[in-house]
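Take a look at these structures.
First chain A sits with chain B, and in the next complex the same chain sits with chain C.
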Partner chain A sequence: MPRIFHPLEAYSNSAAEYRLLPFRFLRLDNEAELLVNEVGEFVVSPKGTAQALVRKQLIPGSDTYLTLRAKQFITDDSSSPLLDLLATKYRTKHSFIEGFTKLHIFVVTLRCDHSCHYCQVSRQTMDKNTYDMGLDTAEKSVEMMMKSPAQHLTLELQGGEPLLAFDVIRHIVPLAKRRATGLGKALDIVVTTNLANATDDMLYYLRDENIKVSTSLDGPAFIHNANRPRPGNNSYELTIQNIERARKILGVGKVAALMTTTQLSLQHPIEIIDEYVRRGFHSIFLRPISPYGFAVKTKKKTGYQIDDFLKFYRTGLAHIIRINQDGYNLAEVYAKIVLTKIMTPYGTGFVDLQSPAGAGINVLVYNYDGDVYATDEARMLAEMGDQTFRLGNVNTHSHKDIFTGEPFLSLVSASCNQSLSGCSDCAFQLFCGSDPVFNHATQGDMVGHRPPSDFCRRHMQVMKHLFGMISERDPELMRIFFAWIRNSSLREICEGAPS
Partner chain B sequence: MSSVDDSFGCEIDSEFSATIRLDPRIYSKEAILKACYWSSNIAYIHIPEAPDERLVVRIELKQKVPSLENPKALTIGEFVPEFCNSLLDFELRRQVEAETASIRQLILAKAFSESGVLEDEPVGTVVDPVEEGAPGSLVQIIKADLNN
Partner chain C sequence: MRLATAGSPCSFSRPVVGRVSRIPLPAEGRTDRILLREDIPQDVEDLRGYRGFLTLARMHPNFSLIPTISSIREIDHLRTGDIVAMEPRNGFIRTLYRPDSHHNVIFATERCNSNCLMCSQPPQDRDDAAALTQRNLELINLIDTPPSRLVITGGEPTLLGERLFTIIAALRDRFPETYVHMLTNGRTFAWPAFAEGLAELKHPNLMLGIPLYSDDSTIHDYVVQAKDAFDQTMIGFHQLARRGMRVEIRVVLHAVTIPRLPQLAEYIYRNLTFAEHVALMGLENIGYAPRNMNKLWIDPHDYQDQLESAVEILSTRGMNVSIYNHQLCVLRKSLWKFARKSISDWKNIYIDECEQCGVREHCGGFFKWATKLHSQHIHPLAPVLDQETSPRA
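What follows is the complex of A and B.
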């Protein structure tokens, strides 16, 4: 009687014998789940995969099994957990911590000639000279900045309107450059200005000192002028004229623009984006208004439900992608930041979305009076009477006093989303961050309550949206995303793509 | 109004409230509390002492009438199945965490140990004390050189 061989399946393991590696998951929708491991490797899989994975029901040799093993969600007898590799990936994701405080914001004056109702700076009127940073305070602030161990610093000159205190800028810049050179540190300088008071001399100075300009452009004239009233109601016209002038003197690449979203803006995402294209910009940051400063007092004009913002964002992002498909390079900055975290091994230096939170650890604010704050938003809270996040004063506190004082230590204790309720189980944890200042401002508590948190809702919904787009596996869309991440053009990405 | 929905092991007490009885052999307290935490924005959750072995979760929806912010209020019939899904998810997460906690700690410890963050410098010196004390020794020469 001839022998009959058993089928191949009879010789494989009858049950999956694998061990789990750390991961988190969530449901993207009724059909799909997102699994993310401890170092940011992710899989979008059919609903039920996480359950099958945990219950050891995956079929060895199946595509799902092999993918999860390759991406270090599981390990079995044929693979090593590669702990050193995982540790290296984890450290790489958190490399933004190295060097400590890199971004130093100097509020050189609170004076401003605009009356933007969303102003988070609580600007003072033009004739109040007491709101300029004194030269002695400026020098002590520069010294404090240089105490940071970071080898590459960014000095951001803010206000009010910083060009109104140009003498202070002219005092700070050469001093900061001299000190940085002496300590072997690299130094980038940027000034955030509405450009309304920018003379040619000022612009030539900025060019000669290699200082970049960041200005505000809220959209076409009817939006920009409505958001940013000034005497003559010509903020838009002045802004456009001055952007062109600045570009001519400094160079196109040295002038960037940021928009602020108000209730009026929410109704016109397409018009705002088209304005940025018309003006030749290649990036736009669709961001919601923060709940600080005058924005709180004028909430009727500026406040909106976060769902309205999310609708605005999705519409805007779709339009931006279409613009890219038509051949014009335009990156959406928030998507770019999140996509960098998702699709590369790296974290980012964006201080508003980090864990531990960027407050103090990656950014410090030096107010015109020498007070030191953990973030720009912390300073805005102080202008509203809340000094919770005032870390000290350059005239009375040393660098050590600032970073070992009670305000900073309290802040840091609520800074890691790995240990925050709600965040500790979240699949987006590694791509997201924490914001104790925002939690305190909106909920009265640095730790915050996640379910009603606008911070949580906004980031979670945008990340779900982006993961949904990634899971479509559209090659053209992925090339657009990679062009944003690499600051390249789509053409460069396509030319570099293998045939 | 009270009806028993056997498929979820819950009683619908009213248009806006329900009671769910959970078997602690299947759902850990941790998973239940986490699911309740995430629902605390839209529902009041009460976990009373139960006479039998089961864990009881009493739910009352916060929004009972449509509002401008939320014109379509969630019904208890829509909320309970989602809550039960959430329970399952958190129980799975608890299992993952239990199985992977030690390896996770190892990854984090390794991640920061190589940067020297977690390591303290050894106390004292590694110099041979006999050599160090001997006059004319190399250690003495180097020390004198550093002090000059």
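What follows is the complex of A and C.
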């Protein structure tokens, strides 16, 4: 039996007016503006699009109209049932909140053999009794950590120089593993160390316990040794030797390095990055110095303006992309985190850039003396005499006390950028985060004021820069970005893509 | 390859499903067999016990001991072991199953709630649910060796309602190892209870192939000629994914779907990230397609930019993407590795130009109805030795 076919118009709702769904927008440059909706879908479009959109001047059936409807910036009678889909995407984007506190940092000692300018809190002393975590405190800290509802925990052993308190580590590790196994939780363990005091026996222990190493490498010798003084001025040489030794014993993939950017570093992005390549690392995190601890006291030596950092970052990122184009896989971690938020339906739980802020919600710090802090930076503030973010002490407070106490509640009230002035209407809101500890430290107010905020300026500028790169639609660049996002190599991405 | 033939039916009033035997069998082995001969046996006992009888010869008188179709036009394609259905009304003999083929289907129903512009198998509006379900359950019982894969198709299989679950449960119980691919428009799964019903069957190896033609609801609804189909399909995808059901997205490429193909790729990644496979499929010139060809035709040569862009978007994001029904000589070489030999054996051909071609063995060729219409750019290619660019098997 013959069937009748209807024209396209029979299926459109041209008569009905469209309605707006939540979105935010921002001028990228003189020609382009960025529109981002509630779940992170975005369009980069000609200047004036946002205005036409809200004035209901979009032409039904035009490409812009279809794209904005498909990306759920607008809805009309033919698309309203898909609001559930928007909810699903919102949930996916925020799934990092699930499980609550996942990262637990144990400061097993304050002692250290280095005296870095930017270090916040370390002590050069051999006095074990005063500055090492007591075994009783260690046990109570493990118990506190196990109270977290998270099914996958990460235990980060830190200092000071944690290997100076290896007996404490050897006490904590088997205990934490036993308790996690008993509770059916997965547990990853990382030790953050300069490796200067790592004996082979220690490294074999780390290998046998499947503990990863995160160490510091600030660049080539003239930068690293200047940033990280120690007796003998040989921190660089020791670090390089020890990285190789640790790789031999633990395996290359188990040893990671982090850099801190000082005023000296700012002049040398290329040299620092090339050092990471020379040492065979496949990721580098171009991150600015935090305004805490000794970093504030020695501001002359280490401090700098955020614009200098941004210049450093842009130069560095361009160099890193060239290195990838030349066939060596090197991810820039900050870009990778932000690009994952921008380019994928997923969120990332990176404690320094998320909303609600990671402080307490996704990370907790257990100090050597049992004090519990919302972040490592909060601990540093306390060392300078500001106890605002001391949430309690494992010896006197329960898990419930900590998360219902006044310090945590006031912190959380400033933790969501969705409700912070200057952030609530920012197009980058979903890709950015909030940092009440930073706001408090720099402006004396957890909510903070965005225009003079280095946090805001840094993230805004880098995100604008990344959006500029994305909107060029250079397929090779996109492949590099997705290699980072997918923890893959450019070669693998290319093998799976049109050749 | 032929899948249907016809002759004069006699001595039966209900459809008969059985396995063909060209060889006479002993009495105890005849119960589910249909004897196929060129002549008519002298002794009536030679027919006793078979489920049916097929013959090239003419019957006189037109009466038989068992269900019979005589004066059949063509029997060369019928082999021992094939499962066929004999139709009493019109004397049709349909091949339902060939043991040596990878392209066997369970044909669920001829009805459909969509009416796609390019439908290769136009729907019929008659209630065949009970009869076809009966036939399919008999078919499943008659298959003796577990097939590696089976396709459930239609029409729209979900219109069977509970009967579809009966069929899938029968497949699950009889052939748990068999990969079952069901082609559905997914709309019915917008009803949570229906998605739940399918999930509760816990078939261990079931994949649903669901078409999505645009990121724009109006264009999709126009292609499938059904209002609100886009919303239902999208909700259906999510109802299925929420219950751990495996889904594949199928996109037919033609003049209506090509302009927003890259946008559709991005939409799929953002909204249907859980899809295991995305198949970008060339148009089949059969069914409704010829009569809508003025709306649908675009030479595949002219949409390589959009196709490459869509494949780039999906593949770099880690989605598994394939190109079906395209000849290598019109497919941009960068896309060859996504090309699959996707056309079912019984409707797969090569044309005269292919005889001189050096990559014919890698090429999926044409649908047999492509002789009437195909790309203007078909041409023989030189052989390639480069493994990198060879299409995957």
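Simple rule for what comes next: the second predicted complex is superposed on the first by the 473 of 499 C-alpha atoms of A that agree within 3 Å, B and C clash if a C-alpha of one lies under 4 Å from a C-alpha of the other, contacts with A are read in each partner's own complex, and residues count from 1 in each chain.
Operating definition for what follows: a residue touches a chain if its C-beta (ideal position, glycine included) is under 8 Å from a C-beta of that chain, and two chains touch if they have at least 3 such contacts.
Treat the numbers as computed from the prediction; the structure is a model and nothing was measured.
Look at A:D84: by the touch rule set out above, it reaches both chain B and chain C. In the superposition on chain A, A:G349 makes contact with neither chain B nor chain C.
In the superposition on chain A, A:R479 contacts chain C only, with no contact to chain B.
In the superposed pair of complexes, A:G405 makes contact with neither chain B nor chain C. Contact with chain C, but none with chain B, is seen for A:I493 once the two complexes are overlaid on the shared chain. In the superposition on chain A, the residues of chain A contacting both chain B and chain C are 81, 84, 88. For chain B in complex with chain A, the residues that touch the partner chain are 34, 37-42, 69, 85, 88-90, 92-93, 95-97, 99-100, 103-104, 106-108, 110-112, 114-115. For chain A in complex with chain B, the touching residues are 19-27, 38-39, 50-51, 54, 81, 83-84, 86-88, 90-91, 94, 98, 305, 421-422, 425, 449-452. The touching residues of chain A, counted against chain C in their complex, run 1, 3, 5-8, 10-13, 41, 61, 66-67, 69-71, 78-79, 81-82, 84-85, 88-89, 344-345, 475, 478-479, 482, 486, 493, 496-499. On chain C, the positions that touch chain A within their shared complex are 115, 117, 122, 124-125, 215-219, 221-222, 225, 227-228, 230-231, 234-235, 238, 260, 263, 267, 269-271, 273, 288, 292, 308, 311-312, 315-318, 332-335, 337-338, 388-389.
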